[in-house]
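Next, two complexes with subunit A in common: one pairs it with subunit B, the other with subunit C.
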Partner chain A sequence: MTPTLPMLSPSVPALRSEFSTAIERHLVSSGQTVVVVNRDRSHDVLAWLKDSPGQEFNYLTDVTAVDYRDPERPLEVVYQLRSLGRKADLRVKVALDKRQPLEVRSVYDLWRGADWLEREVYDMFGVTFVGHPDLRRILMWETYAEGYPLRKDFPLRGHFSRAEQTRQALAANPEAHYSLEEMSIAETYGELPKAVRERLAKGERGFLK
Partner chain B sequence: MGLVNPSSENRADEVTTVSSISPNWVTTRLDFLTNWARANSLWPMPFGTACCAIEYMATAASRFDIARFGMERQSFSPRQADVLICAGRLPFKLAPVIRRIWDQMPQPKWSISMGACASTGGIFDNYSMVQGIDTIIPVDVYVPGCPPRPEGLMYGIMLLQKKIKGETIADDQLRVEKLVGPSGLFLPPERVDELSEPFGNSVQQTRSG
Partner chain C sequence: MTLRTVEMALATPGVDAAGQPVRVPLGVAGNGDSGYREDLGAEHMLVNIGPQHPATHGVLRLVLEMEGETVRRCIPHIGYLHSGFEKLGEYRHYNQIIPLTDRTDYLSPMANNVCLALAVEKLMGLELPERCKVLRVIACEMSRIISHLVWLGTTGIDLGAFTPFLWSFQERERIYNLQEAWTGARLTTSLTRVGGLMADIPDGWEAGLREFTRTFPKTLSEVDTMFTRNAIWIGRTQGVGALSADEAINLSLSGPMLRASGVDYDVRKDRPYLDYETYDFDIPIGEHGDIYDRYRVRLEEMWQSNRILEQALDRLERLKGAPINVSDPRVILPAKSRAMSDMEAMIYHFKQVMEGVKPPAGEVYMGVENPKGELGYYMVSDGTSKPVRWRIRPPSFINLASLPVMCEGALLSDVIAINASVDIVMGEVDR
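Let's look at the complex of A and B:
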């Protein structure tokens, strides 16, 4: 049996004719098509891929980012798209120059599933998703002050001493950073003891201020 | 009238402490009775965060059956628990949680650090992981293993029972709560650094001060 040749996704010629210069380059890697898109047009391209007939990438599998060891290379935000109806995949990348603010338009309005995925990329890489309704840390706690752990310039054990890390972790007051809905106590909040209500209201992001 | 009985002069200052009457026959017999009762009805508070919790569940289930040690009642409320079993790695994000659970447990209380990660950080010598829960709460028994087999945990439980049977009410420091102090830690920062030191072929860690 002869090995099958890498197949270029038919979405690429369609994207090239639709967006021309916004499509920076494309390649086929391990049989999967990767398209690199200009940062300023990324939202238009992704919206077109989601909604136009013949594309219908209606499922956002993942949003992640890649920071390369070479400091000259841009940081890449990766969107892995899936068309459930057509059974087709497409990987879209947006290259962000590290000398400029790491910003890209949020795709929350296209796929609601982007909510936590973009929060994770923000938490780990420090990419700001413009237009995201609730962009805050999701894996690390909200007062985490050491930076963005998956950046290549981040030391494996963090910047601070272990004692300082432990002190900051113990001072985190986790309840203060969740909404009442997240803690499923919105309806019973009024019946909580006074001390508990005060503790909930305390903290940097105390939602009752 | 001017005479004062020297033996009754300082009577108000005389406080009959347990340590002043110990060790004698009564306290040692009382110790034996209380320790026998405590050691054989330890109610565990399971704090399962990772694969060690699977082994913990196996230990609690019928084949190994820690009910034989008086531990059949899993206490999912810290207020009714005697021994905190941290089964699994503890991320910094969970540090305030386990600390609060420990503070909520009434005396007498003990803790078991189950597995390599809970005891030392294990393979997770990185930015997100507590390097041994003894930097967060006091630990009585460390159970090695990755994860420990149920036999290992049961041996740890038996060691804890042995330790409890050696306790005496004459030790007035035994039941003193080791709270988080003004420094935000319950150990001196240098001690936390020392406990969290990298080992093996690891590289430099930022130190306090």
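Let's look at the complex of A and C:
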């Protein structure tokens, strides 16, 4: 066994001098640097990391979240950043207190690639990404009512009974519908009931019930 | 060059007098604002493709907003194959997760197995024996070849070419036979274990792979002849679904999708693992980012994988009889004979089976260059034998997210071609 030498990314001192208190803590795990950032400043920090010279983390490798087994521990949204030019990686985390609404600013405006990744985190953990233009469930169907599957308080087999799950899954039958968003496109729009058109005008999305 | 070649070349659109492919100008497919909007009326129409449709390569559903023949918007619906692997992994020992990785990207199961083992080994700080690394490189490159062959064959079929499909599946079959001889399974290989491999290669196996690497280039040349200068192929692929380098980076694309747009990013070179930096191979880079360049990149990657396989086989000869596992009883089961006769070995055996591997508390992101793109496993451990979080960074999922961008302004028939060029496996998209 060779011990992994902790090598701190040079971005950390730079971040600390730029944002001081917004950087909550940092650590090195398996030789990879992790920076925990204050929720309110997360978008500023990520935008700075993306664009400022010397950082240039232009590639968003991944967005995900971690819910720890300890229910007291905050849920963490994790951004894997990569600088293609400098060949450097950085992991940025935002800790979200579970007693408050799980909200964080979307990075869709910085990286278009965050579109589906943030939708997946929303779908699996229930984290709301403020500013995401199309935050819908992505892997589960849009009327899925059991909650957020990757949370630790979600049992492996789900909250509902097997019979209820089967009934709901069959009733959802997503191929039989167009979503409201898709309805808004079609020439059928004119034929929609007034109430539905009003819902569309309000910007409501999801399945037509 | 003979006169006949020149005549043929001049008679073939898309090929110049020297027989080299020429670029066709960007048509409506590459440019949404080319005036095609008015001529077919302004009526918008919804077209539903899938989820049961052969050209969507799995259970993918696309809802297209059409304006005449032009796609104005494309809304993909996924999740039909969602199996909750990530959740399931939180209830499994680290070695028990390996069978789950087979079933995500099931066109390259061995490469997924390798990535999982590497992630846990990085978490534990294990140093692998050289023979293990070489065998894993062989597994990864074999996976790359079979995955690209499936891509080539099915994309050919989508665009109306049946023969290359048969050629590529014939070659793929030979690798599957090798895979079966090594692991006992064609698809659910579960090849790796934390700290080593499930099994060494059987006697005489190298000769089979050597024969493959010797004869495989012939098929590649045939495919090259069939496609690269083919007017229909060029017409259907050049300028279609093009993404610039900046767009590709902004969309977080990886693998051949990213490299076809001219971005020089390959995990094997940029963040080397398994001693890839010691192998001699090139990374093909496209420049236009269209389907044609993606095809060229993937075709060239197969040549390069063949080169890597040859070098790995040479190294294997030098490492005959060397160990394939780390000598650490905390991660590798003792030999059965020892476990039955030696008390200490039996205790290790018991603890291994009952408790599994226990990495220290911490977290790791391990990215590898899979055939589809950068596959990453992000693992969080709390020191127990089951991970707190096992995140798959799925290259197919992230590459597929660019589909609406590429389809805007394309023709309906181009959607099929563009979707094929992404190279998705729905098992991995939905997990």
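Please note the rule applied: the second predicted complex is superposed on the first by the 170 of 209 C-alpha atoms of A that agree within 3 Å, B and C clash if a C-alpha of one lies under 4 Å from a C-alpha of the other, contacts with A are read in each partner's own complex, and residues count from 1 in each chain.
We take it that contacts are C-beta pairs under 8 Å (C-beta built on N, C-alpha and C of every residue); 3 or more make two chains touch, one makes a residue touch a chain.
Please read these numbers as outputs of a predicted model, since none were measured by experiment.
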| item | value |
| --- | --- |
| Partner chain in contact with A:Arg167 - subunit B first, subunit C second, else both or neither | first |
| Partner chain(s) touched by A:His159 [first = subunit B, second = subunit C, both, neither] | first |
| Broader residue contact with subunit A after superposition on the shared chain, subunit B or subunit C | C |
| Which of subunit B and subunit C A:Pro149 touches, first, second, both or neither | both |
| Which superposed partner A:Leu84 touches (first subunit B, second subunit C, both, neither) | second |
| Touching partner for A:Trp111 - first (subunit B), second (subunit C), both, neither | second |
| Touching partner for A:Val34 - first (subunit B), second (subunit C), both, neither | second |
| Touched partner set for A:Met140, first subunit B, second subunit C, both or neither | both |
| Common ground on subunit A, meaning residues reached by subunit C in one complex and by subunit B in the other | 139-141, 149, 154, 156, 174 |
| Interfacial residue positions of subunit B with respect to subunit A in the complex | 92-93, 95-97, 99, 125-128, 130-131, 135-136, 180, 183-185, 189-190, 192-193, 195-196, 198, 205-208 |
| Sites on subunit C touched by subunit A in the complex | 43-46, 48, 51, 61, 63, 65, 72-73, 75, 77-79, 82, 84, 86-88, 91, 122-127, 247, 249-253, 263, 265, 270-271, 328, 362-365, 367, 374, 376, 378, 380, 382, 388-389, 391, 393, 397-398, 400-401, 405, 430-431 |
| Residue numbers on subunit A that touch subunit B, as the complex places them | 139-141, 146, 149, 154-174 |
| Subunit A to subunit C touching residues, read off their complex | 1-4, 29-32, 34, 58-62, 64, 66-69, 78, 80, 84, 87, 89, 91, 111-117, 120, 124, 137-141, 149-150, 154, 156, 174-175, 178-179, 181-182, 185-188 |
